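Common to both upcoming complexes is chain A, partnered first by chain B, then by chain C.
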Partner chain A sequence: MANKYLASIAVGLYSILIIVPLWLALDRLVWVAGYDVTEWLSSLDKNFISQGVLEFTILQALLSTVATLALGIPIAWQLGRYHWPFQSLIRSLLTMPFVMPSIVAAMGFMHIIGENGLDIRTNRDTWFLTLIIAHSWFNLSLVIRFCEPVLSTLEPSMEEQLRLLPGGKTKWDRFRHLWAPLLIPSVAAAACMTFVFSFTSFALVRWITLGENTLESMMASIGSSSGIKGYMVSKNEIILGSSLIQFTILLFSLWLMSWLQHRRQTLLPTASEKVVKKKNALGWIFVIPALLFAVLPLIALAISSFRITESSANGTKKYWGTDGWEYAFTSTASLPSAWDALYNSVGYAIITLLIAVPLGWILAQSIRDLEQFRPKLARTLDLFTMLPFAVSSVMIGLGVMLGMIRINAEFFYSMWLTPVLAHVMITTPFVVRIILPALRSLDPSYDECAQTLGLSPFKRFFLIKIPMLRGSIIVASIFTLAISMGEFGASWVVTRNSDWTTLPIMVDSIRSIPYNNSLTAPAANAVSTVLMIIALILFVSTEKFRAKRDGGMF
Partner chain B sequence: MITVLLPLMMLSGCISESIDKITEEGEIAPEEYVWEDDGELVIVTYDVTGLTDDMITKFEEQTGYEINLMKLDDAGSVLSHLLQYKGVQIADLAIGLDNTYLQTAIENDVLWEHFANFSNISEEALIHYDGPLAVPFDQGYMCLNYDTEIVDDVNLTVPTSLWNLTEDDWNGKVAIPSPETSSPGRAFMTATVDYFENDQDNTTDWTDWWTAMAGNDAIITTGWSEAYETHYTGGYGEYTNGYVGDANIVVSYCHSPGVEAWYNGNWTKSKALDLPRAAFHQVEYVSAVQGGNLDAASAFIEYLLSEEVNVNMPTENFMYSVLDGTDLPEEGGYRYHSTIPTKAAEINATVIADNMENWLAEWNDAMVAA
Partner chain C sequence: MLKCRDLSKSFEKILFNDFNLDLEPGEIIAITGPSGCGKTTLLRCICGLENLSQGNIFLNDVEISNMPAENRGIGLIFQKPVLYPHLNVEGNLRLASKEGDSDISNALIEVNLNGFESRKVETLSGGEAQRVALARALLASPEVLLLDEPFSSLDEELSGKLAKEVRDLLKKRNCPAILVTHNKTIAKSFADRVIALE
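Right after this comes the complex of A and B.
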C-alpha cells in the first residue's frame, strides 16, 4: 500500500480532468439558459433545428443495431464454427473497421455512393440506408468479437448430447435450446455497444444524411453559439436538454451492457478451436462478401485519392494523378498542410498516451487494491472511471471549449496542448477497462513469492508486474494512440484554432472547401488514407498482443 | 445526477461574476484603448473567398505582419466567437459580419473604432452603417436564382409571387440557407418580412409563408454553399463532389448567374428572379475586434479598402466592390447575366437590429408549426 498517495493523486487528478471542464461548461450553459429542466427538455420540440432529432437518432441507432446483428451473427457463426485457411487474417480483416476513424469511414462511403462509385448520392432516398450500412460496417466487428469466441470454443459434445434429446432433434430446436441462450448475452452486449456508437454518430451523419442530425451532430453545429448570456438562449436549452437525454440513454445502455457482461461470464465447457471447428465449403458464400464489405470502403478511399475529376460546362475530364496529395500536403493561408496536421495528430496522441496510460493504470491498480479490502469503494471508483463513456465526444468537446472560456480563455487558446485535455478525457476510461481485467487475472502468489525472496517493491514492479502486464499495457497504449489519432467529435468542437488542426479535422475542412475545386475530394481522401494507414499499423500491432480469447471489444 | 449538480452550479455563481463584470463595464472610449502590437494579425472569418493566398502574402510583405486565419463555419459563428471570447484578446479583426449581424456586435460592444485611412466608399455601401466600428468591404443583392432549363414555363413556371413556391409543383425543390446560421439566410428572411408586409394580402404575414414553405418540404441548409453547391441544379454545384441536385430554385446573389457566366465563357442556365421586395441589399463589413491588435487591424482594413484590392472583389470574392464608380466586369458576360433588382426590400439597419432576435424566434415558431 505504499502507493496510496499515488492512488489518491491519480483519483484527484482524474476527477479534476473529467469533472471540472464538464461542470464549468454545464454551469455556463445553465447561467444562460436557467435551471428549468422541463424547459430544456421541451426546447427540443420547440425549435426547428432540434425538432425530430431525437426521433431520428433513436430510429437510426435501432435500425443500425438490427442491421449490424443481421449481418454480423451469420459471419460470426461461420467464423466461429468452421475452420478457415488464413483464419487469423480473416478475423483481423473483419474486425479492423472498428479501429478506423469515423471520418475515414465517412469519406470511404462518400466515394462508394458518389459519381465515381455507385452514383446513388443524388437520390436523397438512399442516404438513410447508406448511413445504416455504414454504421453496420463500423460495428460488425463488435458482433464478431463478442460472439465468435463463444462459438469457437464450445465443447462439441454439448451439441452432440442435445441431438439425442427430444428438444434437440431439428436445427431450429438446437438453436432454440442451445445456441440462442448461449449467444444472447454476447449478442445483447454487442447490440448495446452498437446502439451507443450509432446513437452518438457524428462524422457519418454529418457527411451522409444532409439535413438530418443526431443529437450529437446537432449539438456540435449549435455549440459555437452557446454560453453567451442573453444571446440565442434557446441554443443553450437545446444543448442542455440533448445532453441530459443523451447522457441518460448512454448511461442506461452501458449499465445494461455491464450487467450482460457479467452474465456472459457463466462457465461453459470449452474445447480447443481445433476440435470444435469443422470445414464448410459453402461458408465462403458468407465470408467472401463479408471480407469485401470490410475492405471495400478503405480500398475505394485509397484509390479515389488519385482519381481527379475536372468537370465544367464544357465537359468532364477524369484522370489519375497525385495532385490531390500535393494539394493536401501544401499549406495555404486558409489551410495548414497535412504535414502540420500529421505533426499535431502524432504529438497529441503521444502526449495523450503519456498521460492517459499511467493515469489509467494507477486508477486500475487502485480499483484492484481496493477490491481486496473495501469492495464497495472499489465498485464506486470502478463506475466513476466509466462515467465518461456516457459523455459523448461532442459533449466533452463543448465541456473543454466552455470550460476553457470560463477558466482562462486566453491562456488555453494560446496553448498548443489544450486539445490533449479532450483526448485524455476520452481515452483514460478505455485504459482502465483494458488494464483492470489484466490486473485481476494476475496471480498474487507471484508477488508474494518474490516478496518472500526479499525483492524490493521497485524490483518486484519491474521484474514481475511489468512483464506480466506487458500485453495489456501495449494494447492500452496502442488503443489510446488510435483513439486520439482518429478523434473527431470533440476536436471538431474545440478546434477553432488552426494551430490545433489534426488529421481528422483536416479531412473535414478540405472536404468542406466551397467553390469549384476539383481537388477537394482527392485531397480529403489522401489525408484520410494517411489516417487509415496509421490506424492499420496500430491495429496490426494490437492484434499481436491482444489476449486471444478475451472476446471483448478491445 | 441533476440533484447533485444543480446546487453545485448555484454555488459556483461566483465564477460567473467576472464575465458579468466585463459585460457590465460598457463601452470603452477610443482614448482608453490598450493594445499591444505583437506583429501578428489574427483574422476571424468564415469562408470569404476574397482572402486569397496571393492577397494575404502581399499584405504580409507590405506590412510585415503575420496573418493567422481562423475560419469558422459561417457569419453566425463569427459573431458568436466575438461574443463568447469577449474581453479576451484572441482575434484582432473580424471579416464577414453583414448588415443583419453587425448591430448585434455593436450593441454587445465587441468592436473597436479603427484608425484606417481610406476614401471613395460609395454612398450605397454606407447606407446601413457609416460609423467607425465597421467598414463595408463588399456588397451585393440577395435574390432567388432559378434553373432556366427546368423552370422554363413548361416543366415549372417561373414564379411571379413567393406564394408560388408553396405550391405542390415546388415541393422539395427550393433550397434556402437557414437564417439562424447563415448571413444570406438572414438577409432573405429579412426581405420576406418586408415583402409580405407590403403585399396585397392582409390576411397572411411572412411567418405564414415560412410555415407553408416548411410544409412544402423546402430544403433548409446550414449555409449558403450547401444550398447552392449541393442542392441547386442551376449552378456549378453539378461539377463538384457531393452534388445532389434536388432544388431548382435557391437563395443566392442576384449576380450569381453573372459569376456562373464569367466562369463558363459567357454561358449559364441560372437566372436571378426579380420579384419586388424579395431581394435584399447585403453589405459585408470588416471590423477591429475589441482588445485586439488595433495597429494590425487598421492596416488590414486600409489594405482591403485600397483601390488595388477592392476593385477586384467581383473576380476574387464574387461580390461587388464598395468603391465609388466601380461595377462588375463586362468580361465573360459577368455584368450581362447579373441582375440589379428593380425594387429591393426596404428595411433599415435600426429596424433590423431591434427586431432580429424576435424575427428569428418567430421564424423558428413558423417552421416548427409546419
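Right after this comes the complex of A and C.
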C-alpha cells in the first residue's frame, strides 16, 4: 500500500498544480465579467468575434468523427481479422499520426494543399474538406487502437458456433448478431475521443482554415487581452461562455467513453491473435492506400523543407537546397535559433517527466490501494485525476497565464520554467491512465508471495514492483516526453508574452512571418521535421515496450 | 512451536470460528474441507496476508498476530505457483537466498531441477514451476511452511509423486508444515495428522 502521507502529498500537490491555476483564472475572469452565466453564454451570439463559432466547432467535429470512423473501421477490420506480413510495422505506421505533434500535421497538410503541392488551399470548400481529412488522419489510429484488439483476439469459437446456428448462416447475419454488438462500444468510444480531439483542435484549425475559428482557437486568440478590469469585458464573457460549453461537452464525452470502455471490458472471451487470423490477399486494396494516407503528409513535410520558392519581379524560381534549415537554425533579430527552441523543448520535457511520472504514479497507486478498501473514495480520486482531460490545452494555458497574472505576473513571465506547469497539468493525467491499468492487472499474489519470502516493502518495490511495471513506466515516460515536446495550445498561450520558445511555437512563429520571405515555409517545415523525427523515435520506443494491445487509447 | 488460539474470520459469513491448532517441530499437518470452507483464508491469516477477526497466533511463544507478513518467518506456497516472469529461475530463487550461488544450486538439486538456473519461468511445466516455488520457499528457511493445495493443478500421478517428494524434503529438513487440500487421499499420505474443517 502506498504510504498514506506520500499519497496525501501527491493529492495536495496535484490539487495545487491543477486546481489552483484554473481557479485563479476563473476567479479573475469572473471578477472582470461578473457572475451572470446567461450573459456569458449569450455573449457568444452577440459578439462578431464569436458569432457562428460554436456551430462551426460542433459541425467540423461531428463531420471529422464520421469521416474518421468511415476510414478507420474498414482498416481496423483488415488489420484485426487477417494476417499480414510485417504486421507490427503496418500497425505502427497506421497508428503513428496520433503521436505526431498537431503542428507537424498542420504543416504536412499545408504543404499538400499549398502552392508547392496541389495548390488548392485558397478555395473555401477545399480547406474545410482538408480540415476534416486532417482530423481523420490524426485520429485514425484511435479507431484502430480501440477496434483492432476486439477483432484480432476474439475467441474463434464465438463465430464458429454462430455459423452452425440458423441466425448466423451468412456473413451479414454474423456481422449483425456478433460483430456489430461487439464492436459498437469500441467504435463509440473511439468516436467520443475523435470528437473530443476534433472539438479542441487548435494547430490544424489555426493553419488549415483561412481565419475560421473554433471555440479553442478563438479562446487562444482573444485570451491575451482578457483578465483586465474594465478592458474588453465582452472577451472575458466569451471566454467564460466558451469554457463552460467546452467543459460540459468534453466532460460528457469523456464520461460516455469511460462508460463504454467499462461495458466493453466485461463482454469478450479472448484467444491468441495467432489462432484468430487468416490470410486475405484482397485486403491490400485497403491497407496500401491507408499506409500512403498515414505517411504522405510526413514525407511531404520532410521533402518540402528542402524546396524553396523565390518570387521576384522577374518571376518565380524554385530550387532544392538546405537554406530553410540554415535559416531555422540561425538566430535573427526577430527569431531565436531552432537550437534555442530545441534546448527549451528538451529541458521542459525532461523537467515535466521528472514531475509528472512520479506524481502520476503515486496518484495511480493511491487509487489502486483505495479501490480495495474505500472504493467510493477511489472513484472520486480517479475522476479528479481525469479532470484535466475535460479542460482543453488552450484552457489550461489560459489558466496558467491568468493564474500568473493573479499571483505575480512579472515574476512568472520572466521564469523559464513557467510552461512546465502547463505541461505537467496536461501530462500527469496520461501517466495515471497508463500506470493505473498496469497496477490493476498486476496479480496481488506477486507481492503477497514476496512478503512470505521475507522481503521488506523497500525491496518489494525495487525488486518486484518496478521491474514488473517497467513497460508501463517506460511508456508513460516516453508519452510524457512526446506530449511535452509537441505541446502547442497551452504553450502558445503561455509563451506569447515571454522570451522563450519551444519547437512547436517556433514552427508557428516562423510560418507567421509574411510570405515575401521565401525561406519561411521551408524553415518552418525543417523545424517540423525535427519534431517529427523526435516523435517518431519516441513512438518506436513506445511500441517496443507496450506490454499488450489492450484496446486502450495508449 | 506454532500455536493458533481461538482464530475466527468472517467476511459476509463466518469462515472459521474458534479454530485452535498446535504444530510441533517437524510435524506436518493437513487441513481438509470442502471448497469455500475457509482453508485458504486460514493459511493467509496465519502467514499474515490477511487480518484475523479475532484470535491469537504464537510462533515459538512470541505473538505474531499483528506482525507484518514479511517479518513472521512463515513461508507460503500458493495453489498456482507464483514465479516472477521478469526473472529467470535463478533470479526467482535469489529473492529468498541468504548465502548466494551454491545455496541456489543446492536448492535446485534438492527439488530435482539441477541445471535449471538460467531457464525462463514461462518455459517451465506446471510441476517444474511448483518445484521452483518450493525450492524458493525453503531457501528462505521459514520456521513453518504453509502449502495451499499446491498439487491440485497437477495430474493425479504427478501430484502423488510430487507430494511424496515434498514430504520427504520437509522431513529431511525437519521443517514443520501445514497443507490445506480438499483431497483426502493426498492429505493422509502427506501429513502426520489430518484435521477436517467443516
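Quick note on the criterion: the second predicted complex is superposed on the first by the 546 of 554 C-alpha atoms of A that agree within 3 Å, B and C clash if a C-alpha of one lies under 4 Å from a C-alpha of the other, contacts with A are read in each partner's own complex, and residues count from 1 in each chain.
As a working rule, contacts are C-beta pairs under 8 Å (C-beta built on N, C-alpha and C of every residue); 3 or more make two chains touch, one makes a residue touch a chain.
Owing to the predicted nature of the structure, the values given are computational and were not obtained by experimental measurement.
Undergrad: Let me test your reading of the model: by the given contact rule, A:I49 touches which partner, first (chain B), second (chain C), both or neither?
TA: A:I49: touches chain B, not chain C.
Undergrad: Could you look at A:F247 and tell me whether it touches chain B, chain C, both or neither (first, second, both, neither)?
TA: A:F247 contacts chain B only, not chain C.
Undergrad: So in the superposed three-chain picture, is A:F286 touching just chain B, just chain C, both, or none of them (first/second/both/neither)?
TA: Neither: A:F286 stays clear of chain B and chain C.
Undergrad: Which partner does A:Y446 contact after superposing on A: first (chain B), second (chain C), both, neither?
TA: Touch partner of A:Y446: chain C, not chain B.
Undergrad: For A:T332 in the superposed arrangement: first (chain B), second (chain C), both or neither?
TA: first
Undergrad: For A:Y343 in the superposed arrangement: first (chain B), second (chain C), both or neither?
TA: neither
Undergrad: Please tell me which partner, chain B or chain C, touches more residues of chain A.
TA: After superposing on chain A, more of chain A is contacted by B.
Undergrad: Which partner does A:Y413 contact after superposing on A: first (chain B), second (chain C), both, neither?
TA: first
Undergrad: In the complex formed with chain A, which residues of chain C make contact?
TA: Its residues touching chain A are 44, 47-49, 68-71, 73-76, 78, 80, 82, 84-87, 95-96, 136-137, 140, 142.
Undergrad: Could you list, by residue number, the parts of chain A that touch chain B in their complex?
TA: 23-24, 26-28, 30-31, 35, 37, 45-49, 51, 110, 114-115, 121-122, 124, 210-211, 221, 224-225, 227-229, 231-232, 234, 244, 247, 309, 311-314, 316, 332-334, 405-406, 409-410, 413, 496-499, 509, 511, 513-517, 520-521
Undergrad: Under the stated contact criterion, what part of chain B meets chain A in this complex?
TA: Chain B residues touching chain A: 1-2, 5-6, 8-10, 12-13, 15-16, 19-20, 23, 47, 49, 51-53, 56-57, 67-73, 76-77, 80-81, 83-85, 88-90, 104, 108, 178, 180-181, 214, 219-222, 225-226, 229-230, 236, 238-246, 263-265, 267, 361, 363-364, 367-368.
Undergrad: Chain C touches which residues of chain A in the complex?
TA: Touching chain C: residues 443, 445-446, 448-457, 460, 463-464, 467-468, 470 of chain A.
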